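Which chain is which? They are A, B, C and D, in the order written, and residues in each are numbered from 1.
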Amino acid sequence: MKKLINGIDGILSESLRGFGAAHADLVAVSLDPKYVLRATPKARGKVALVSGGGSGHEPLHAGFVGAGMLDAACPGEVFTSPTPDQMLAAAQAADAGGGLLFVVKNYSGDVMNFEMAAEMLADAPGGVATVLTNDDVAVEDSTFSQGRRGVAGTVIVEKIVGAAAERGADLAACQALGERVNKATGSLGVALTSCTVPAAGRPTFDLGEDEMELGVGIHGEPGRRRVPLMPADEIAEAMVSAICESTGPKPGEPLLLLLNGMGASPQMELYLMYEAARRLCEDRGLAVARSLVGNYCTSLDMAGCSLTLTRMDEALLDLWDAPVHTAALRWGM
Amino acid sequence: MKKLINGIDGILSESLRGFGAAHADLVAVSLDPKYVLRATPKARGKVALVSGGGSGHEPLHAGFVGAGMLDAACPGEVFTSPTPDQMLAAAQAADAGGGLLFVVKNYSGDVMNFEMAAEMLADAPGGVATVLTNDDVAVEDSTFSQGRRGVAGTVIVEKIVGAAAERGADLAACQALGERVNKATGSLGVALTSCTVPAAGRPTFDLGEDEMELGVGIHGEPGRRRVPLMPADEIAEAMVSAICESTGPKPGEPLLLLLNGMGASPQMELYLMYEAARRLCEDRGLAVARSLVGNYCTSLDMAGCSLTLTRMDEALLDLWDAPVHTAALRWGM
Amino acid sequence: MAPDDLRDLIARSAATIAAHEEELTSLDRAIGDGDHGANMKRGFSAVAEQADALAGLPLGEALQKAGMTLIMKVGGASGPLYGSLLMAMGKALPDGGPADLAGVAAMLAAGVEAVKARGKSDAGAKTMLDVLVPLARALQSADAGTAAAAAIATARRTADEALAATRDMKATKGRASFLGERSIGHLDPGARSSALLVHAACDFLEDRS
Amino acid sequence: MAPDDLRDLIARSAATIAAHEEELTSLDRAIGDGDHGANMKRGFSAVAEQADALAGLPLGEALQKAGMTLIMKVGGASGPLYGSLLMAMGKALPDGGPADLAGVAAMLAAGVEAVKARGKSDAGAKTMLDVLVPLARALQSADAGTAAAAAIATARRTADEALAATRDMKATKGRASFLGERSIGHLDPGARSSALLVHAACDFLEDRS
């Protein structure tokens, strides 16, 4: 394993310290317990958004803390849900009196830890609500099981709900909006190489030189199937069709297209994949109204990418376009 | 070799098409000859900045085309200088009558091709001038040889000169400013893994599981020496000391610190390296006044990073802070 | 429980987790995300560091405090689950500790219910509950007069068999559920860590008696 | 030169480059950036595609046009350099082609000067000039009466020896110069492609005579 680190134990703290120093205008970083807070708190009475999850998916979530998006983020150990004490401290620091909204990716660990934090915060004056994201269409959706994973679509939920909260939407409205966006969103990922968790010291899975994992999770969880390496156009077709089958966008409906890098794939390849996916959407009569290309929800040093499509409408487009100023996403301010 | 591509030949065009579609508000893309142009031309009479180089370093240069930075960029084949016809077409399209400034990384190929383009443009009304960047302190500087390579410091030159051009500085002033910033800038890179050029199909160099290349170039050129894998703090120390030895920043002088990812290193590691470098600068009494952390001048899928330090002053800080709106760098607008 | 005994139990638990960190991680790499070993080690090291403070407490309080430590230090799925297990066991404990086998069984059953509630889960989903539920059932259905040695043997055998049975299950909860059919053929990492802890407790009881 | 002859020369040049693409790339991987094979192949394929058009032109014009094609299609260092070489050779060509060996030598010398000027370089820097300069010198110093076969043999031997000599040189120009001492011990890729082209031209001349 080759990584730019000093030792396994310090990775998260050292990296967070750097993040805080590099973005001191945007965030304040607490190291014990670990959380990242907006440097300038939002106006009193507004809903505060708190998210978090295992580290290794950067810029998710800390890179999205700032005006118009998250108020706080709790980074766990690499690929491990953060703990309730982090969430509690982050929520209390971010609370502006208008209620707290947790944005949680649907993994047992994250769900349970945020649930415990919500229980501990039960008497917060503005209330506590949670939006679970589960946009990964690689996994079968079922109420009898864990259901689908939350992946890159989480970025879209955080952006759109963050904009609504900034505009003063109340807790119930923010929660309902988050659920609506999540439902309108589908993602599918593909890995060309495995990630390597620092503490594990070796790749999470082995892929042959001519293989790829279709439907991979952002922790290197196996996906739908291991298949021979496919050309970019075929990968894009597999992604677009799986997502459309799941979320059923209608011709003419505006789409948000996020082509997300898993961490180690060059930008050239991401834009090439974006182009392939965009063309396939337009071939289906779907209108790509907004686009985002880059590393937004990564899996450490995994090579590969994911495609996310969100069915938008005028109101959602307006919230997407609303000003945002975070380390990883910035426009309009 | 595992890449998200259809075939070797189409990579550049397909990727550029995607880049153009994803950033249609910012750029217009020409595919024959290949260049990327600001969508909204700058005001008449101002200096137009044109850069370019081999592809595979994205977002450099196309990601920096837009208001406040480059007016056009010419992407060559992967790691191969673009050709004079591209530069000619890009320059003619970008020319606003105030002269043309080429920003060229110091590689024989780039230098010669831009030189030929400059010769062909000799009678452009506003004149043509060139700034060569050669910030890589890994290479010995000498007028009897090719001299040093241009690497990530090029981003800083393009940003600062782009701001000055936007404000109306004339061609001679822009050229002098570019040379001043280049001289005030030093960089050193380190590779943990080799990049793989698509057409070559295999890694450019072989590194043992416990080795790294100190002073690597952004094309996978070997560096100062191959050394055993070092902890992050030692890598940072090697970088900071090599750069300071070369550019000699004075205590108290404001520094711009760019911690640049080579392409495949996770953000966690980049922020950790940033933190280590920042601390070492401060230990030396140097003030880190501005910071940039991320993938800005990459080497395809290489794991590793580079550190760039620029000695700033009030005027340079002001130009650095000036509004910029490109695909890869945006603030103030 | 005497302070030294509790210290011993904690040390044995932490030691078995540390000794099997690699194994737990590699099981989790196969059908999860490869951190179960690190997670469990982080949690049980933290509990071990508190051993002196815990040893001074009544067993019920000590269990609750250890559970809270797991919750605050582990994260992931196993943190809240093992934390809830210990906290509920501690709460269910009658003053003065469990009087007999039935008391132990009741305490464990209370813990298992808490895990089910926290995990919105039950046996059959290829999780730690596939060790914990059969274990609690076996202890609860044991005759009142069962000798300690026999009860210990039952606990060990039940845990081993239950762990082995997770191999052929299809996961429907936790991270392994994302694999669907592909989760079949692997032991569940949480079931393995549960079995390890059962063995540690049995070893402790055996050596004490 | 007869149209068929020029077509033949172009085809031989393009074929030898294509056949050695891998080798050129791997030399460039060692002390450069691993694209010399691809660059040369791209350029010479483009020239080969124009073979019919070029064959219809007087040799001087054909050389200039081929040079311009290399400049516009190759990029990198080798594009402008080989492009300048051919353009200058074409310009230096007397009407009706070179009359004798001295004419060929003069034409080559003019090309070499253009490469030096474009590359701000000279022999000794471990580049293609370390083949081109000795070659031009050998042809220029040959007796006026040298037989074609002997001149061809001299050209081949000079190119081979000059290429081999680049191995022990330290690069001071081009990408390999960034390696300093570490550039020693490898053949220069551009010197290798120059030698290949010399051989192609010699084969052509030999078979024609």
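Quick note on the criterion: contacts are C-beta pairs under 8 Å (C-beta built on N, C-alpha and C of every residue); 3 or more make two chains touch, one makes a residue touch a chain.
Worth saying up front: this structure is predicted, and the values here are computed from it rather than measured.
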Through how few touching steps can chain A be joined to chain B?
1
Interchain centroid distance [CA atoms averaged], chain C/chain D, Å:
75
At what distance in angstrom does the C-alpha mean of chain D lie from that of chain B?
32
With centres defined as the mean C-alpha position, give me the chain A-chain D separation in Å.
55
Touching at least 2 other chains, the residues of chain B are 78
Indicate which of the five shapes (line, ring, star, complete, other) describes how the chains touch one another.
line
What chain-chain pairs meet the touch criterion?
A-B, A-C, B-D
Would you pull the chain B residues touching chain D in the complex into a rising list?
54, 76-85, 107-109, 112-113, 115-116, 136, 138-140, 142, 144-146, 148-149, 197, 199-200, 204-205, 217, 219-222
So in the complex, which bits of chain C are touching chain A?
25, 29, 31-35, 38-39, 42, 71-81, 118-119, 125, 172-175, 177-180, 182
Touching residues (chain side chain A, partner chain B) in the complex:
2-7, 11-12, 14-19, 21-22, 55-56, 58-59, 63, 78, 192-193, 209, 212, 229, 231-233, 235, 263-276, 278, 288, 291-293, 295, 298, 300-301, 303-305, 330-331
